[in-house]
Every structure is written in C-alpha cells, then in structure tokens.
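Everything on this sheet refers to the single structure shown next.
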Amino acid sequence: MGDRSVQSMNVALIGAGRIGRLHARTISADAGSRLAAIADADPQAARALGEEMGVETRDVEAVLADEAIHAILIASSTNTHADLIERGTAAGKAVFCEKPVDLALARAEACATRVEATGERVMIGFNRRFDPNFQALREAYVNGEIGQGEMLMITSFDPAPPPLTYITASGGQFRDQMIHDFDIANWLWGMPKAVTAAGSCLVDPAIGEAGDTDTAIVILHYADGRLATIRNTRRASYGHDQRIELLGATGLIEVGNVTESTLIHRSAAGSRHSNPVHFFLERYMTAFDREWRAFREALLSGGPMPVTVRDGVNALLLAEAAMHSLAEQKTIAITAINAQETG
Amino acid sequence: MGDRSVQSMNVALIGAGRIGRLHARTISADAGSRLAAIADADPQAARALGEEMGVETRDVEAVLADEAIHAILIASSTNTHADLIERGTAAGKAVFCEKPVDLALARAEACATRVEATGERVMIGFNRRFDPNFQALREAYVNGEIGQGEMLMITSFDPAPPPLTYITASGGQFRDQMIHDFDIANWLWGMPKAVTAAGSCLVDPAIGEAGDTDTAIVILHYADGRLATIRNTRRASYGHDQRIELLGATGLIEVGNVTESTLIHRSAAGSRHSNPVHFFLERYMTAFDREWRAFREALLSGGPMPVTVRDGVNALLLAEAAMHSLAEQKTIAITAINAQETG
Amino acid sequence: MGDRSVQSMNVALIGAGRIGRLHARTISADAGSRLAAIADADPQAARALGEEMGVETRDVEAVLADEAIHAILIASSTNTHADLIERGTAAGKAVFCEKPVDLALARAEACATRVEATGERVMIGFNRRFDPNFQALREAYVNGEIGQGEMLMITSFDPAPPPLTYITASGGQFRDQMIHDFDIANWLWGMPKAVTAAGSCLVDPAIGEAGDTDTAIVILHYADGRLATIRNTRRASYGHDQRIELLGATGLIEVGNVTESTLIHRSAAGSRHSNPVHFFLERYMTAFDREWRAFREALLSGGPMPVTVRDGVNALLLAEAAMHSLAEQKTIAITAINAQETG
Amino acid sequence: MGDRSVQSMNVALIGAGRIGRLHARTISADAGSRLAAIADADPQAARALGEEMGVETRDVEAVLADEAIHAILIASSTNTHADLIERGTAAGKAVFCEKPVDLALARAEACATRVEATGERVMIGFNRRFDPNFQALREAYVNGEIGQGEMLMITSFDPAPPPLTYITASGGQFRDQMIHDFDIANWLWGMPKAVTAAGSCLVDPAIGEAGDTDTAIVILHYADGRLATIRNTRRASYGHDQRIELLGATGLIEVGNVTESTLIHRSAAGSRHSNPVHFFLERYMTAFDREWRAFREALLSGGPMPVTVRDGVNALLLAEAAMHSLAEQKTIAITAINAQETG
C-alpha cells in the first residue's frame, strides 16, 4: 500500500453472484476499504449489485488498468480464478481470491509457484480460519494447553445440498465442501502424509448419479502418528453443524455450534434448545469480516498473507488424495499425489 | 450400638405408607442394617408391606419392648412424630424420624429441648442434605472456592401438586414443601435473622380455597447482609426442578438437575434434551441411601447426628416466619417468631 | 419523516461520553441514518469524538435550530434528559433519549404527560428489549408456548461496580442498575401492583457508606397472583450474567448468557467453558443496533414508539417503590407511590 | 429355569478377579439371584472373595456337577472362556460369559456354531448395550425418530492405559478396547460389509514396542452406503469419554457422558463443569446391573439371549478385519476375513 493510508484502499469486486454480494457488503462495512468498482461476465448482474451498493460497474480490463484500484476481490466462477490471480498481480494489484485456486491441481500448483517466486500479494478466502471460535481453539492448542496433539475431529455438516447444477460444476464433495475442512486441518496441524477416504450417496440419488458423494469421512495420517477425522454431509436437517475436537496428551479442546439464540423451552416434551444457525453466511458472518480485515492489515503492514495460494494448493492436494483413496479403497500417500498430478 | 457389630443393626419401621415403603427398601439394601419389623396404625398396610419384604409385622408397643430392636424409623403421619420420638428414645432406641418433627412449633421445640438435654440419638430425615450434587456444592463453598457468600438461590419445583387431601393435612406449602429448602439454606448458611415471603395460588384454585398457596417466593435476610431466595411451585410440567446457585465474592457455584438420560435429539424443530427426572423418589434415590448410611455410621461411631431435631425446629421456624410474613406483607424477624411461639 | 427517504435521516448526537460514543458508532453503521452533528457541554469531548467520526461539532441551540436535523439522540447527563426531550420535541425533532427520563419521578411523569398529550415522537433507550435472546423469549411467551405465566426470574449481575463517583450520582442501585430489569419485567408482564425489596452492601463498603446497596433482590406482585423476582449484584467475577426464566402453566422458557466463545477445555481439572462476555457494550451490541433501527423504522412508518416516556416513568416507579420497601421492610403498593410522588 | 422360581436362581462365579468381584456384587444385589459358589484357578483369590461375600468356594468341577447350581458366570481369563462355555452348557447350566469368547476367531466361531446348533443358553457380557443412555438412543433410532440412518460416530476413550502386562495379553486394542464399540455398532446397525482402520502409538511407546496401538480410528462401511466411525484412545486425561452420535435423514441423536456431579463453578477463570466419571465400573454400574437382570429374565421367560455368542464372534470379526486393514493400509471386506479365518 506504500504511503497510501489504509483508509483509502480502493477495491474492485470481480463477480457479482452470491458470494460476491457477501463480499461487497463486507468491504463496505470495513472502515478501511472502499468498494470502488464491480465487474461481472454478466453485465446485468454487475449492474444490479452496483446499483444496490451505489458503486459503478466496469469490465475487468478497465479495472486492471485503473491505477486508483489497489486491490481486486475475485469472486467469479472457479475456472477464472487462477487466470485472474495472475492478471491481477501482473497489473500490480493485491488480490483476494475465493477458494479454490483451481479445480485442477497442476494449474493451482503453477499459480502458487509463480506467486511464491514473485512475492506477489495474494490471499485465498478460507474464511473459517477467521471464525473466533476456531481461532480460540487454535490459540489454546498452540499455547500448549492440551500438550501434544493426538486426535483431531472436524464435523462439517451443511444443512441442505446445493442445487444439482452447482454440484456437477463443483469438482465434487471433497474439492467443494471438504476443502474447507482440509484447510482447517492444515492450519491446525500442517500437511499429513497420507489420506484415507470413505464416501456414499445417501442424501439424494441424483448426486450419486452425477458421480459424486454427499456423505464422506476422511482420515488424515500424520508423519508422527497423529490422526484426524473429517466428517461431511450435504444435509443435516437441524442446521449448519460445525464442530472441532482436538485431543491432546493432557486434555481435549472443542468448539461447538453458534446457535440461533440462547432460548431453552422446557415442557413435558423435553427441553428444547435452539438449533445451530442454518445458513453458512450467518454462521461465518464474523469470519468473513475478520478475513477481509486480516487481508487489509497484512497489506498495510507488509506482513505475510494470512492464507496463501500454497495453502489453497495444499487443501486441493488432500481433496485429490481423498478422491484417489475413495476410488481405490486404500490409503494414499500425499507424495504419490504430488508425483502423479504435477509430473 | 455398643459392642454390637454394625452388620447386625435391627430396625423397626413404623409407618407403611409411601415414604415408609421407600425406607423399607433403603434399609434392606444397606448391608449394615436389617429390617426386623414393620408397624402401622393400619394393620393391613403393615401386613401388605411385611409380606412384600418378608418381614414380620408387630404393633408399636411390641417393637419398643423388644430388646433386639436397635433403631426405629418413624414414617407414620406427622402428628405422631414427636410422641414416637419421645417414646422411642425412652425405650432406648436410636430414632430416625421423617420430617417434620411436628406442625406445631412449640411441640417440636419441646421435643428438641428434651433430646438435647438427654443426649438421645435422633436424626431427622432431611434427605436432600445427602444428595451428592448438593454435597459437592456445599463442599466447594466450605472450601472457600467462591470466597465470602453473598446470594443464594434455591429453586425447588415439584412436577405436580399432591392430592388436595394431602395438602389440607400438610401444614401448608411453607411447612410441607419449602421446609426442605429452609433446611438446605440452614445447612449452607445457618439461621437468617429475618424472612420475607410472597405467595399465590396459580396452579389449582382448590388449593387457594383450602387457604394454601401453590406458588411461593421467600427472601431470607442474614445478619451480615447475605440474601437468599427460595422459589417453590407445586407444578413444573417438565419435571422435578431442583437447583441451587450460590454467588460469592470470587465466583458462583451451581448444581442443576438430574436428567432422565443424556439423550439429545436434534431436528429441524430444535435440539431436544432430556428432562429432569420427574419423581422425587427417583431424584433423591441416592440421597435416601446416603442418608440412612449416615445415620447408621453416626450411631456406630458415636458421633453427632447428621441432622438433629434442632435442625427440624429451625426449618419449621422459618416456615412459621414465612407464614407470618405472607399474612402481614412485611419482613418478619426470627426473634419475633421465637417469642411468639414458645412464650 | 414526511416524504423524506429513510436513507437521509440526519441525526445529532448530544453527549459525547461513553454511551454517546457507542451511539455515534451505531448511527454510523446504520445505512438509513447519518450522524450529522455532535454536541457536548464539554466542547473538547465533542471535538474529540467529532474528529474521530469525521462529524462536525455544534452547540445544542444550533442543532435544534437546524432544519436539516431530523432527530436528536440524547446521551448527556441524566439531569438534562427531561429538558432536552422537551426542547427537542418543541423544535420539531424526533428524540431518542437514554434512560432514565429523570431521577425525580414527578419530573419524569410531567415529561411523559406532555409527550402523551402532544403525540410527540420520543423513544427511551431501554436497549435490552432489543436483545435477540430476550425477544425470542418474549415471542415464545406471547405465542402461548408455556400457557399462563406464573413466575418470572430476572438475573442481572454486572461484572464489576462502576466508580464510586458514578454510583453517588446514579440515583442508587434500583434507579441505575435494576431500572433495566424493571423495564424488562414491565415489557413482559405489564405493571405489578406491589413491590418488595431487599438489599445489602456486600461488594464494597464505600457503596454502603454512600447510602447505596450493591446486592439487591426484588419481588414484584401482580394483580392476578403472578410473582417476579429480580436479582442484582454490582459484581459477578465471571462476567456479565444476564438471564431470564419464565415459568408458565405448561412449561418454562429461559434465555441464558452470551459467551465469549464456544470453546470447552477438558482436562483432569474439569471441563472449562467460556465465560459470559464481560462488558455490557459487548453483551448488548446487537441490541443497541436493533434499538436504533427500531426507532428509525417507527419514525418512517409513523407507528408507535417502541419504548415510550411512559415506559421510562413506569420503570422509575418500580425503582421508587423498591426504595420505599427497602427502607420500611414491607411490601409497597404501586398506588401508594403514585399518590406520594405526584401528589 | 423350568418350574423353578426366578427368586431361587443359584449362580456360581468362575473367576475372582476385578471383573469377577464386580459380578459377585451385581448378583448379590439382584433379588432374583443368589451367589452360591465361587471358583478360581487361584484358590486364594477365590477364598478372599468368598469370605468377603459370605459365599463358599469350590473348584470348577464341583460347581458343574452340582445340580443345585442353575447358572455359571465366567469371569476367568480369556483363554478359558470357550472351553468353560462348552463345559458349562454340557453340564446343563445357563452360562453368562464375559467378552471376548476367544481371541482366536476360529475358536470363537466353533463355539458359536455349537451353541446355535444345540440351542444352549449362553449370554456374552457386552454390558454397554444395557447402558440406559445408549438404550435411549437405540430406542429413538428404532422408533424412526431420525429417519434412515446415515452416519454413526462412537467415541470411546479410556481415562488411562491398563498395565503393559494386561495389554500384551489382551489381543490388542481392536480386540480388547474397540471390541465394545464394534458390538455397539452391530447392535445399532448390524454387520458392515467392510472395515478401514488407522492406528498409532501416541500415549506410551512401550505399547508400540509391544506391537500394539493406543490410538485408533475405524471406519465401518455398510452395504447400503451408511458409514460409521469409531475412535479409541487409551488415555483421555479428563475421564472415561463415552459418546454416540447417530445422524439420520431427519435429525441427529446423541448421548453424552455421565458426569461426576452437576456442579458448575464460575469464576474469572471460566465456568468449570464436572468431568465424566473416571472409572468404567462407575460409568457402567447401571449397565452391569441391567445386563445381569436381562440374562435372568431371558432365562425365566425362555426368550432369546440378549447377547449371543454369535454377537461375540461378530465383534471379533470386525476386530480381526481392522487388524488386517491397519497392516495392509486398505479397506478389508468382511467376507475376506470369514474365508481367511474359518477356512
């Protein structure tokens, strides 16, 4: 950001879909950022959001050419991510890009290598790292409050499956849904050495017919013997169930769900507590705000990006390994994936 | 118990009603006691329980005359308690007597004075003092874990009112239901200096027509400024709600309900937890067992009675004060009650 | 607001102290409001906040004379509230005023009567009514989910006492701290017919020497027999403890604390859960936002004020009654207070 | 039991070790059973327990020859189980045998086949099926309260590892510790079609040197796509952590830990809740009682054994499959194990 005040960081949003709208609001609510332009392959979508936010719409070329734009936020479709990262950084912009970097591991890997070589400023939007509860858990762990880690369990249940059209374009449950949990595992424990996956189609047969799973369990094996489990379903009727448990030599730490309220209703039928909030935008609202501020503050301070393109590649690597494990019904070493995909 | 082994303590039960049946089972389950005889003003009731337990029935005179009987357990109607305590101790028996000592404060006071003067072995059945959760709370308090006590709150809700015939003979909500909570307050904090009471009839108009309340709140005022609240209702639709909170200078300790199971059922309708157990016999089952063992062990060791007749009088004194406070709509000093009742 | 769009509501803040700063942020964060001016008896305080917020400072007269100002928010010292309400409404402004209306019941009553007679638009800042948890409880009650109400219990513990200088100017614990809880009781159940109070100084002897209590319990008696209890302490070492329980004929509803996180730490020492958030600004952050939006929306729709000056008077009336009850050690009828104070 | 009253069931206990002592107490506490004799390969151990319980000691031959003995309870070392089952049933006794049937799958299988062929009355002691909480969960599931099952998660953590001598004779973590969880999974869902296992030595290197794991995770794959996870550790510093979660199409049911008390201690350091009870005998005390009663009642009614030798074989089969999976780092089909072991 050089000598520019953080108050004046001008941001262009690329992508005016659901997640783009969310980021438009996040940027606007941040006192240190200004949403300066909106671009979308579909000009009507751009215009609709632009009018709502009182922000002008432009095409991507104009955005990249504009010296007054300091940063771009990429929220367009996945297949545009890696290109836009490279074009944005080439144009001198700081880049915040939604996950994943790319569905193809080799493409993501190439992008990461380039960003690492050039020192470009790119952050990947793994928002869950910024959830206050998950951060409290990580802090307790890093502070040694439970000693050496032994078992990690991540429960990550969506309340309802997305539309089938979304699923078929998503890269599959491991690369679309569990990617978040792979990243959380990496954030807590670094990369494992091997992956074992199990998966089924139990929620909607159409998902299975499309070649995907909707119910999946993965075991991560670490070099020193630690073990992690991740559980995903596309449908938990009671809400967005997001929990982490971490067992260590001297204790267990866990973080639970954020509920709709603290209301308890007791009657002859039992004691009814409030459910976890249903929608991920509500569940991770605070995380999205914090994520954006972390990006801006890293730019301002010149410090390292809080989530790097390499982090994006690593999560993808685990997804890829899980897909192989599921297909071959055996444990897959991470090194095997590297060779195979990037060779 | 002299040189007799604790294994051979022979007990006669006087009173074969609901609470008598409970004690029959408690005594039988205790390896150190033997239920040796059952008496009841209604010979048929005695016989029924006697046959069930495989124990002979006798009349009270025969029980008191039998040298082989070491202790009597008085579970007959309230108006017989004080007399039986006196006859039992006169006959050289150790006595365990259900609460209350008597509905009339003066009669209870006379009984306490005599027992204190003679050193007779009499325990009053305030079973809640033996609940493991309440004991854990008291232990934490006595150990100074929250510093100086400031506010105490006892919630004591019955699941459903007893029959009206029971209520009309019970001495009223303060002497029948809240008596347990007065005793718990005394056990935790000793006697207060004054009492303020509020009460209503909200559950069943027939209770109000009988001159009683079914919903009551009492504030206890202690000499050093501490304050306690007790809340009672005759009907909590969700079960037997029994909680204590104790606020101190450095923290708050609380004990909650014992629930039917640890089952949680999550669905779109919310997260349904199990209710508190419904019936007091189930809720305080462990307490009844411990209470009896505490009596037997005190007899064996020659130590002081865990709950004395004086404790019974003190709880009654608070009930009496609450009744005056409710009638006069003002705070009543305990000293005023003493004078009034025993003068 | 006539034909003016809600987007353009211009607000002047009067009072740049702690609560004024909070409101400055709340107004700024609301898309439908604009903080247009800041006034404070202390020009330096006004200037400091004005610079921070990028808002010009003026004196009250200038604010009231400015046609472009639609509403004023009164966050100055208590003794200026009633006058500013009257001056503001006389100048045609909508008025949002922090509680209390005045420490003197008669002055508050006069203000309410005038506002009621003229239909002026004044809202009093009882923010807790806008807490999402409390609202969920009220909604469940109003919807009949527990049948007829019987007992209400409000626990309202502050984490630490305010400075003594604040306490001595505050009007005392009932008018300063418990005023919020009186308002919550009124919001849930309407006005009671009588009040019984108990209070002590246990936290800090200096508070007692200043003639105030720091530990207080009040029982509210309703015409139909319902009973409410309010418990206050100036110091709960574990955080801002804010709970409501409401027992009805068919169930009990309760709302609990908002905790710092969902973290649980299990070890040999026990299972340590996160504490309630410590500071009231954090605890009621959402409530402050919602409160302001409710004010703006009521202005826009022309609907009734969500919290009226009469609500402010009613809460004050209960505080006054509690003070009499404490002094006289008896239950005080609300009608007695009305006569006494306004006669 | 023919025409014999259940009140008179005479039981001989074979094995006077830790678990034998537990059963001695359970039998004694059951009104319908009488502990009639105790046998142990170590006559001193038998005598010690016999004196404590007031029961005569005999050798196994004498027990089996005694017509007055109706049932034997086998609590001797694992390698004697299958033989004693066969000798006991041959002598006309009903048999209750502690798990496992045998460490060798083929031996257990042979025993099951014989018992099935002859209709002999043998129950295996998988006590956890009789835990009231687990039973409440199963009942809710069987009643269809969450629709079709999808994911099951069993957490089963011991508080501390047993002595190394125990571990080396135990058959390993899957056959000794996880055997209980395999049985619970079978009880809830029947046999899976395949098993994937992961395991490490993280608690005590000596366990690893002995060729065993102390930390293990297993995934069970069912024919219709359902998935189950079991997690074991030999050391959870905070107590005996025993939980089950079951996700279905319309909800999730879970049962949690039984805690030492309901005490909560709130202070500036957080809110400390009571830990799960530490010792399995305490955790499953009720389950042991119910298990024994279920055995006696099944004998009395002539109904099926609540837990059969086949159930014991099935749990062992999963343990065997898990061991293969761990060794080969791949998913193992149950059919593969059957062939391999019994061929």
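Labels for the chains are A, B, C and D, by order of writing; each one numbers its residues from 1.
Basically, a residue touches a chain if its C-beta (ideal position, glycine included) is under 8 Å from a C-beta of that chain, and two chains touch if they have at least 3 such contacts.
In this text, all values refer to a predicted model and were calculated from it rather than measured experimentally.
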Which of A-C and B-C has more C-beta pairs touching across its chains: B-C
Chain pair repeating A-B, as identified from C-D, A-D or B-D when over half of the contact pairs by residue number coincide: C-D
Intercentroid distance (Cα basis), subunit C paired with subunit B, Å: 43
Whole-Å separation of chain centres (CA-atom averages), subunit A against subunit C: 41
In subunit A, residues with contacts to at least two other chains: 237-238, 250-252, 265-268, 274
Residue numbers on subunit B that touch subunit A, as the complex places them: 237-238, 265-275
Subunit C - residues contacting subunit B, complex: 148, 150-151, 153, 157, 194, 196, 198-203, 215, 217, 219, 221, 225-227, 229, 231, 233, 235-238, 241, 247, 249-252, 329-331
Residue ranges of subunit B touching subunit D (in the complex, touch as defined): 29, 132-133, 136-137, 140, 145-146, 250-258, 260-268, 274
